[in-house]
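Common to both upcoming complexes is chain A, partnered first by chain B, then by chain C.
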Partner chain A sequence: MTTRFKKEVLDTPAWWQDLDRYIDEQKNNNPGHVQSALIPVLHYVQDRYGYVPEKAVNHVAQSLGVPTVYIWGVASFYSYFSLTPKGLYTIRVCAGTACYVQGSQAVMNEFIRRLEIQPGQTTEDGLFTLEEARCLGACGQAPVVMVNDRVHAKVRPEQVPDIVAEYTALAHASAEAQA
Partner chain B sequence: MSSATQTLEKLVSQASPSVAGEVEKPQVLVGIATCALAAGARDAMDAAKAALNGNDGVTLGQVGCVGCCSVEPLMEVRKPGEPPRLYVNVDAGRAAEIIRRDVMGGQPIPEWQIEAIEGLGTPAKGAATGAQDSEVIDRFTRDWRRLDYFSRQTRICLRNVGRVDPENIDDYLTVGGYAALAKCLGELSPQEVIDIIKAAGLRGRGGAGFPTGLKWQFTHNAPGETKYVVCNADEGDPGAFMDRSTLEGDPHSVVEALAICAYAIGAKRGFVYVRAEYPLAVQRLKLAIQQAEERGLLGDNILGTDHCFHLEIRLGAGAFVCGEETALMASIEGKRGMPRPRPPFPATSGLWGKPTNINNVETLANVPAIILLGADWYSSIGTEKSKGTKVFALAGNVVNTGLIEVPMGATLREVVFDIGGGIPGGRGFKAAQIGGPSGGCLPSQYLDTPTDYESLQAAGAIMGSGGLIVMDDTVCMVDIAKFFLTFTQDESCGKCTPCREGTKRMLEVLQRITAGSGEALDLERLRRLGAVAQRAALCGLGQTAPNPVLSTLRQFPDEYEAHIQEKRCPTAVCEALVHYFIVEDKCIGCGLCKRVCPVHCISGEARQPHVIGDDACVRCGACYERCPVDAIVRQ
Partner chain C sequence: MADVTITIDGIQATVPEGSTILEAGDSVGIHIPRLCYHPRLSIEGACRVCVVQVEGARNLTASCCFPAADGMVVHTRTPEVLRIRRDIVELLLDNHPMDCNTCERNGNCELQRLSYALGVRDRLFEGERKHYDRDITSPSVMRDPEKCILCGRCVRVCGEVQEVAALGQVHRGFGTIVMPAYDSPFMETVCVACGQCINVCPTAAFLEHGNSDDLMAALEDPNRIVISQMAPSVRAAVGEGFGQPPGKAWEGQCFSAMRAMGFDHVFDTQFGADLTIMEEGAEFVHKLKTNAPLPNITSCCPTWVKYAEQFHPDLLPLLSSAKSPMSMQGAIAKSFYAEKLGVDPQSIFSVAVMCCTCKKLEAQREELYVDGVPAVDAVLATREFVWLMKHMGIDFLNLPAEEPDHPLGASSGAGAIFGTTGGVTEAALRTAYWMLFDEDLAADALEFSECRGLKGVKEATVDFKGTPVRIAIANGLANANRLLDRVRAGEPFHWIEIMGCPGGCIGGGGQPYAGANAVPLDENLLRLRSQALYDLDVERPLRCSHHNPDIQKLYAEYLGEPMSERSHHLLHTHYHPRVPFGVRPQEAQV
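Coming up: the complex of A and B.
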């Protein structure tokens, strides 16, 4: 089965120019410590690209004058950086202490059952990536689920189908609008 | 008056605050913070805006979270000459009604106000116990100390939260912001600033409780031209959110404190290292830095003096160990976030080998208040060895989840029961987990323990960052120990063996115990492995990782025994040890359980008692949920 939903990928010359501009800015901000620009640059790539692709790593390595293996080493150390593409929506179920005590495991299990994927995986249609999050800082609203930038509070397992349905509908609507 | 103060006064006189200062016309304040947004505060704000329909006789503004997370979204209505009204659980519908009936119509709606919420709305008993003598401090509590929940608090770190728009520097300037910086630059030498912080007795809120003034002194004394200040806003303890709330509700207090610290130690450049998981905090901090630069409160020649200080934000990238100071600095340098042995301490050799002072967000947020109100005032609050206040994030099985700030030394009972409102659903209190993955679980006999650094440590927990997770009697302590160890094992950076291997072996033992194949020797194994990691690990992560295990082992030995000897989980949490069976007398033979069972292990004729085949049972709990007469028991 082919992937049906894909994020718009900004693989244009302008995109690479923007990246270069950002890298230069970071280099200038850190005179004498070029390496210090690396993590901000990786954030920049991940924010705008959705993940850190190999060609970006190669590009950054050249611009910063840092070996690619070094960049892979850093990027893979930090769990925030994803080295593979993600789905249209990333569902992050909080597994922090407050959420755990309030039953986040049952919520996670329900997502696993519904989406038929394990945490860290993406559905075949490219719609959802499921992740386990460390505390999202909304512990007073536990258990918490974050879908892209939106936080859902006090989520019960029974609400999982509705959440999945809501974003599925949203994706279909925007796909139709584009077509 | 010094020229720095004069320059500041000019800024203050030109300020146009959004919500701070005297209430001159009706104000509607909506709490906009991560927790509030999750509860739907954006809808409330939009609905209020629509209902006001451009009416410029009313100010609609945003503030941070005042700490009542359990009843968010919150909307406060303030009118000149009237006591303020705090509306709770404000959805879009309520927001529109509040505007129509109260703000425009002059008819408050008592049933939606905080007073209608049992516990939170209870009137204060007697005089306020918090030290709110100073009018400069905590404008929010000053208005709200008529309620028990607030009268027991003393908010120094959170003094401006709820009374300033965090996205407008003019609000902060209006409530005395940057006056402490002006005082330092204009009237005090760096050494005098350090002496004040020392005399105040401020200790680090990031976990270890190291005296802040002493740390500043070390960095000040360290030889070298180039020095750095760093703010640790990595807040890795899952269940703690005081740093997030402070940055979202009052970012300038931290920015000002960093500028003061830089002056005291002689640094020209600083970094705030914030978790990437806190986008709103990052956004507001960015804005705060930008606005401070525009007003000449950051950058070159601050307030017209020689002091230059440039502040940058660095984002974390999802590694818990980066909260540890040496790992954090490695991360800023663009390396893998791995800790290194200390000494040398950052004060002598930190970022790029230069003397570096690193402090936590909450530690810093106290600094401007101390400079303005004095060391004597500050050290009069708290206990002999732990001065000032502590912010606690109350979460888990507690009625009033939220953020509170109390004088050091308030007992756990006051925090969990008097302010927190106790355990919901009529359940019993089992333990308070304090100090996160480095801390411990304190059962009910410790409820009268004062919350200060020494007492908590003596009780077998630690203050940590102040995350306080309340656990009721449905929580399995062996499972909780496993939960924390899964966390630390996953977050171990792998550099040193005692942590990398030790946490892994301990986790395996716990997995075995919770799966029903634990053996008598396992408890001794846990103690031994724990002791090695505590002594031999390279950094605080590994040294403290065994704490949740060892503390539950000490406080709840019976629960471990039940898992090992009887293959039984007393709270029926550990799935492998749970058994489902049908009480014959209660079963009406409706067959619903049989139909929902995914593995067809339930048998029985219609209208006859059914039976669950325990061997085939996968313990999904579907039958238990489905049974209409509660005939299925889970044990």
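Coming up: the complex of A and C.
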């Protein structure tokens, strides 16, 4: 399979203008202390871009007057921010106590085996990123797997192939629709 | 501000409100052990070595970041405190390579000294260790994160004193690491190679990129003519590397030592400094006479030049086109001197002993090459020079004082003071006056006291026969930024001198490590080193660059006059904006 799945590319002049507008807004909200704008701006980038790319860090550094390495320090400190591109679908397998007790590790192992990647990595075709999550707040449904915003409850290892197939089909369908 | 009085180990200490417990201890001679603390940097409170017991407090308190309060009773040396402090250092060692015997900082390491003083003898803890590669991409500064104990001094000196912010603490917890943005190779970052991270590092996490192997190879090669030059400030600090107190210039001994090492010809960068003054002085006078854009900003500091290229590209047209003394000296050695010897310039191996780590980078800049040949082939930091002498068994302190060789060795007092902040300006004023009026300043008017001292920015208006000449001098890049912001705002200056390191070259990143009881960047230490250079100036029979007989001969025989076509070819250069562009920290650090 040669298809490479990408999130919608936001790297357009309009996108950068929107970012600048947001930065200005945050600067105005934090007069005399522009650093306070940093975390909201990083959230903005991550939410719209899927991760925090180098060129966005450089841009934010220039606009906010915060040195690049400090921004990188903040972005790397918080696990919420990702410094590498993510796949079209992020699969988060909960490893919180309840899910763990209910066998989430076996589910995780099955994803690792099927997708041939380790937690934190992205498949070569850009389709899936696998992550280990701490409690997702749905212990009653344990073990829980989240794929982007959708919750899959009481997942058993033998369901993993179906989940992978479902999202693969979805991605192909939307790629065809776009073509 | 009001004073507060606290009791430390039974002694009353009265200090201004806001002082820390640690500072209060210092004021009454109680030295609380410390590691991440540095008096010139912001407080980090990361290492916990300085913990003390405060009566009434539940836990031990880090004294470097806890303000002294009236009536506070503190104990710094109870058995419990001593035991815990020892364990804290042992935990630092737990994740530190135990290769002290083969470490560059063996005998000079703050962690080693602390570990001895606090009594770490048995190793009780053993845990996971971090493993990282060294970054040796920069010709100036090497980074070895395995030796790092995360005290954060390098990050703070880089951001606060230099306003470069090349370094930061990245990732979290056990995985925290000090690195440039994106973990880029050092050479591709905003690092200006000043080496202050080396000066303040308590371990060997930052080191100069050594070149002594290159020197040894050249000495071994019968076809290479090995020549030397030595920066002014090397002589002002080299004695410290042999346990001598600071403040004495060991000039003649350095030349003897180089002869003992096997150098074929021993020259002096102070000759190059005199030459720089001739060229830059002439350029300055020309700018004054032709109403060219001013100020003339000095360019002899390679750290400042790189900083300007990345952080102040709009000001580059104001930089003097004159090369630095080191590069001029090298250029003349590979042209005039090679011709004089009747040899191919490539057969000359030109070595510079420098107080500076950035000079290693400067030597590799291709725009400073002479007809395709590097002007300087190897740069040794003062520390490497000291080590080489120890390596070769040279009894430095008992060497006779010798003179450097001609024709590139004689220097004036003006050349000597180049190594301290304000010195270049003073030297330039002496010669610019002569160039403008064809007469010398009076003997008692040669010294410009307003150029001297360690203040971050010094300013003066000098009277040149009724014409006021407005000068300003900055040392340390944060101070330079304050001054340059005023230039950009339109404040009129004629002349601006900038040296990247605190105190100028005497505080360079290649100088000997501060001794056991000293602090790196200590003002007193810098003052003593600069005094050693001012003493040399006074002792010199000739105190102006234009009186240097070797300089006069060079112009008569080879260059013609300052700013001649040949001078331009050999002694002047150009600058270009450089990526990545820097972002100055505008406020306190994130």
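Note that in this section the second predicted complex is superposed on the first by the 176 of 179 C-alpha atoms of A that agree within 3 Å, B and C clash if a C-alpha of one lies under 4 Å from a C-alpha of the other, contacts with A are read in each partner's own complex, and residues count from 1 in each chain.
The working rule: a residue touches a chain if its C-beta (ideal position, glycine included) is under 8 Å from a C-beta of that chain, and two chains touch if they have at least 3 such contacts.
Keep in mind that this is a model prediction, so the values were computed, not measured.
*Asks:* Could you look at A:Phe77 and tell me whether it touches chain B, chain C, both or neither (first, second, both, neither)?
*Replies:* Both chain B and chain C are touched by A:Phe77.
*Asks:* Using the touch definition from the top, say if A:Val45 reaches chain B (first), chain C (second), both or neither.
*Replies:* neither
*Asks:* Contact-wise, after the overlay, does A:Ile23 reach chain B, chain C, both or neither (first, second, both, neither)?
*Replies:* A:Ile23 sits against neither chain B nor chain C.
*Asks:* Once chain A of both complexes is superposed, is A:Glu54 in touch with chain B (first), chain C (second), both, or neither?
*Replies:* In the superposition, A:Glu54 touches chain C alone.
*Asks:* Contacts for A:Gln62 in the overlay, against chain B (first) and chain C (second): which applies, first, second, both or neither?
*Replies:* The second partner, chain C, only.
*Asks:* Does the superposition put A:Gln35 against chain B (first), chain C (second), both, or neither?
*Replies:* Touch partners of A:Gln35: chain B and chain C.
*Asks:* What is the contact status of A:Val164 with respect to chain B (first) and chain C (second): first, second, both, or neither?
*Replies:* Neither partner.
*Asks:* Is A:Met108 in contact with chain B, with chain C, with both, or with neither (first, second, both, neither)?
*Replies:* neither
*Asks:* What is the shared patch of chain A, the residues that chain B and chain C both contact?
*Replies:* Comparing the two interfaces on chain A, one with chain B and one with chain C, the shared residues are 33, 35, 38, 73-74, 77.
*Asks:* Could you pull out which chain C residues touch chain A in their complex?
*Replies:* Listed in rising order, the residues are 159, 165-172, 179-182, 190, 580-587, 589-590.
*Asks:* How about chain A: which of its residues touch chain C in the complex?
*Replies:* 33-35, 38, 54, 57-58, 61-62, 65-74, 76-77
*Asks:* For a test of understanding, state which residues of chain A touch chain B in their complex under the given definition.
*Replies:* 29, 33, 35-40, 42-43, 73-74, 77-81, 95-98, 100-102, 133-142, 144, 149, 151-153
*Asks:* Please give the residue numbers of chain B that touch chain A in the complex, ascending.
*Replies:* Touch list, chain B to chain A: 34-35, 37-40, 69-70, 72, 235-241, 244-245, 276-279, 281, 312, 314-320, 331-337, 352, 393-397, 401-403, 433, 436, 467, 469, 471, 475, 480, 483-484, 487, 493.
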